[in-house]
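What follows is a set of structures to go through.
Each of the next two complexes has subunit A plus one more chain, namely subunit B in the first and subunit C in the second.
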Partner chain A sequence: MILVLPIILPLVFMVLLIFTRRWLFFQQAFSLLSAVALTVVSALLLSQVATEGILTIQLGTWPAPYGITLVADLLSAIMLITTSFVAVVVMVYSPGFIDKERQTAGYYPLVFGLLMGVNGAFLTGDIFNMYVWYEVMLTSSFVLIALGGSAEQLRGSVKYVTISFVASIFFVSAIGILYGQTGTLNMADLAYKMRTWENMPYINGALMLFFVAFSVKAALFPFFFWLPASYHTPPVPITALFAGTLTKVGIYTMFRFYSLFVVQDVMFWKLFLLIIAGLTMSVGVLMAASQFDIRKILSFHIISQVGYMVMGLAIFSVNSLAAAIYFTVHNMLSKTNTFLAGGLVFQRLGSYDLKYLGGLYKAAPFLALLFFIPAMSLAGIPPLPGFFGKLFLIKGGFAAGEYLITAVAIAVGFFTLFSMIKIWNEAYFKKTPEDAQKAQPVNRSAIAATTLLAAAVILLGIFAGPAMELTHQAAMQLKDPYQYIDAILNQTSP
Partner chain B sequence: MESVILQIAARHMRPLLIILSLVVLYRGHNEPGGGFIGGLMLGAAYILYAMAFGVAKTQNRFVFSPLNLTALGLLIAVVSGIPALFAGDTFMTGEWITLFADTVAELKLGTPLIFDVGVYLAVAGMLMLVMFSIMEE
Partner chain C sequence: MLLLLAVVIGVLYGSAVYLLLRRNIFKLILGLIFLGHATNLLLFVASGLTSGYPAFIRFITGESESMADPLPQALILTAIVIGLGVTAFALVLVYRFYSVTKTVDLDELSENE
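And now, the complex of A and B:
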């Protein structure tokens, strides 16, 4: 039953929030409580998966290859709890940042719609159901990104909506091809058939279509262009939520599909993903270096960081996978945190443009600290989690003998540091420019939310050992897909 | 646009369409029909009414706004999964009861029907929501 809750609870919360959409205070308080409840449920799920192994449930008691399976292994559970925690932080942050019109125009119900889709995608064990959750998530995100309807937002959302639809076409055609080939949609059953049947044509074609669909969602090279064109347009909490959850669903799905479905031409896929990872990392970081808007710099960094995760996936050793999962969690927290800290700067000085910012280190040292922590974590400075993530990825790279990609990863790390120092120098360290706006007070709850997240980032760094142990187990499950297949196809009780 | 013909037609079509939508909803489990199509018909009944009398006047007739109707539909759809838990099955398992068994009026009721009612309301509400906002332009 606990497997259903991460999907059903957001739906129920969304419905209640729709009924009460005019009562602003209730919306704020209730959505915070709901996000906390969701985190508690995810924590319970994580502990249960950690002790009992992979959990499965057949919705409506329809047996495995035919009915829809929900399944939680450690990877799903880790992603779930990180997502709900990010949601809690954003719910604390939003009331003091987003204007009242947007808040009463359905911001809160839409956030829970988004969470339902994201959680559904993490839990489902059926490729068509996965597609449906993608659509639930995308539809909510379309409205969220356009909510308020400023000209800039609409420009951004047109690009976002168009590219997402194209990606959905790729996704659903790949499902169609696989279904035509194998007659099944259940992921475990598909993986089993791919491993046992002698000849299965068109598999690589279908996988390539999947790759295109997910790389659009995760913003990999060469399909990343929509992200910096749209992510900086809505209010910062929405961007932070997207950065923390939405793009990472693409990564999660890649992990899941790569582990289950890549059985033919493994060498090709490895090389291909390594090339993509290297290009994604370097192109993202180089383009970030030429930007002057805080949100745009951070958006390009989303792209570059995603490259690291794909690198860990492509090497596909237990160590590199564990590092990549740890890195993903770190990135969800740190990235959201940098966006939120950027929002605080905006509240204080009324701009995201580095030219009009400055002097925050002297005027507001605490705000500076709140940016410093996640930024240094992203850049990979010890003892913050970004350091451990990159360290273990690089170690995994060396151990697997992939020297070129590892060298690229190290170089990109330096460029990331450069970008973060650029924001730091311009916005916090240099003197306040003449034409800067007068300092405005910053909302306390927004500061509290950012502090909470920064604390979580630090904790993830301090407890890197236990966290890595957990991701190590998750990686072992990914590395051995028969565990997953077994858990679904040989379930004894419903 | 005021058209007497359309107004009279819409006034008489509305109850007919509502009854028809309920029929389609009920037969949907075993025969063509179901919550989605029924919901479209229910929505169409009110869209026709709005075309004849205007959106504002149509919306005055509602106790529930279309958005609330959609939300209610979603809620009913979720609730339909719960009886299965009391019967000791997995969430969303279909549970059936037969009323007046072995008579002419044999009536099979089950949780899939409740789910369909949820779909019915959600689709109708969504359709009206979209159409009304387009018509108000």
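And now, the complex of A and C:
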């Protein structure tokens, strides 16, 4: 029963919020409470999965593989709770940042539409159902990115809608071809057939189409160009929510599909993903170095950080998977946090452009600290979580003998530090430029939200040990797909 | 039948890509619509054609031993509905884009104005 709640609750909240969207205060308070409720549900789910193992439910009591299955293993549960926590923070942040027109035009219901899609994608055990959740999530994000209708936003949304639509087309065609070849859509059933059928058809064509679809969503090389062209256009809380949840759904799906479906040409896929990961990391970070808009620098960093996750996935040892999952969680928190801190700078000085910013370290040391924590975490400075994530990824890389990619990962780490220091020097450390705007007061609740998230980042660093233990278990489940298959189909390893 | 459908799908994909690469933003939307339809047909063909039999009806009444696979049809139906929603949104978006920028030229999308 608890498995259905992360999907049903946002739906109910969304419907309620649609009908009350003119009552501003109700919207703000109710959305915050709902996001908290969602986090509580996700926490319960996580604890239940941690104690009882993989949970499954058959919707409409149709038995697998015919009905739609919902599954929660540790990876899903970890992603769910991180997403809901990010949503809570964004809900605290939004009332003091987004203008009233946008807030009453359906911002809050759309956020819950997005969350419903994201949670659905984390929980489903059926490929076509996954596509539907992707669409739920994407449609909400289309409206969110265009909400308000400024010329800049409209330019960004045309690109975003087009590329997302094309990616979805790849996704559907892959589903069609795979169904034609295997006659099933249930993920566990597919994985089982791939491992037991003697005349298994060659499915790598379909898998490559899936890869294109997911890598567009996750912004991997060479499909990343749309992200920095569109993510910086809407108000910062929306960008932060997208950065924290949307792109990570692509990564989650890739983890899930890789662990279940890559049985043919394993060596090819490994090499392929390693090359993609290396290029994604380095191209993202190099392009970030040439930007002068805070939001654009951070957008390019999303790309570079995603490369690390794919690197952990490609190596596919328990240690590197555990590190990659930990890194993903850290990234969802830290990335959202840097965007929110960038928003605070905007509220104070009225610009995202580094040319017009400066002097914040002296004028507002607390704002500076709020940026410093997640930025250093992204750059990988101990004892923040980014350090542990990268450390274990690099250790995993060395242990697996993948020296080249590990060297790239280390080098990219230095460049990340360079970009973060660039923002720090320009926006916080240098003298206030003469053409800068006069300082405006910054909203209290926005500061509180950013502080909350920064605290979570620090806690994730301090409790890296227990957190890694949890992701280690999640990695064990990914590494042994028969646990997943057994939970759904009661089929064990032959 | 299979060959005919394959050719139709190919032509649809070709026209869709051609339209997507045009500078006119309305043609971009047309391209997306074509792409969606081509994929729906692809789904239909790739999941195996059973010609001459409907799904369920004659199988249940016992008139026939075989039936068409209903699942791909359900998938396509879902995909059509989703495609319709997204297309409707895209059209409104393009209209807003036109009323704000007074142009249908996609080169206006670049940021170095």
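Here is the rule we go by: the second predicted complex is superposed on the first by the 488 of 494 C-alpha atoms of A that agree within 3 Å, B and C clash if a C-alpha of one lies under 4 Å from a C-alpha of the other, contacts with A are read in each partner's own complex, and residues count from 1 in each chain.
Here is the rule we go by: a contact is a pair of C-beta atoms (placed from the backbone, for glycine too) under 8 Å apart; a residue touches a chain by one contact, two chains touch by 3 or more.
All figures in this text were calculated on a predicted structure; none of them were measured in a lab.
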Tell me the contact category for A:Gly176 with respect to subunit B and subunit C: first, second, both or neither.
second
Which superposed partner A:Leu59 touches (first subunit B, second subunit C, both, neither)
first
For A:Met267, select first, second, both or neither according to whether it touches subunit B, subunit C, the two together, or no partner.
neither
Residues of subunit A touched by subunit B versus by subunit C: which partner has the larger set?
C
On the A-aligned overlay, A:Leu11 touches which partner chain: subunit B = first, subunit C = second, or both, or neither?
first
Subunit B versus subunit C as contact partner of A:Gly149, first or second or both or neither:
second
Tell me, which parts of subunit B touch subunit A in their complex?
67-68, 70-72, 74-75, 78, 81, 84-85, 89-94
Given the complex with subunit A, which residues does subunit C contribute to the contact?
20, 25, 28, 32, 35-36, 39, 42-44, 46-48, 71-72, 75, 78-79, 82, 85-86, 89-90, 93-94, 96-97, 100-101, 106, 108-109, 111
Subunit B touches which residues of subunit A in the complex?
1, 4, 8, 11-12, 14-15, 18-19, 21, 57-61, 494
Interfacial residue positions of subunit A with respect to subunit C in the complex:
128, 132, 135, 138-139, 142-143, 146, 149, 151, 154-155, 157-159, 161-162, 165-166, 168-169, 172-173, 175-177, 179-180, 185, 229
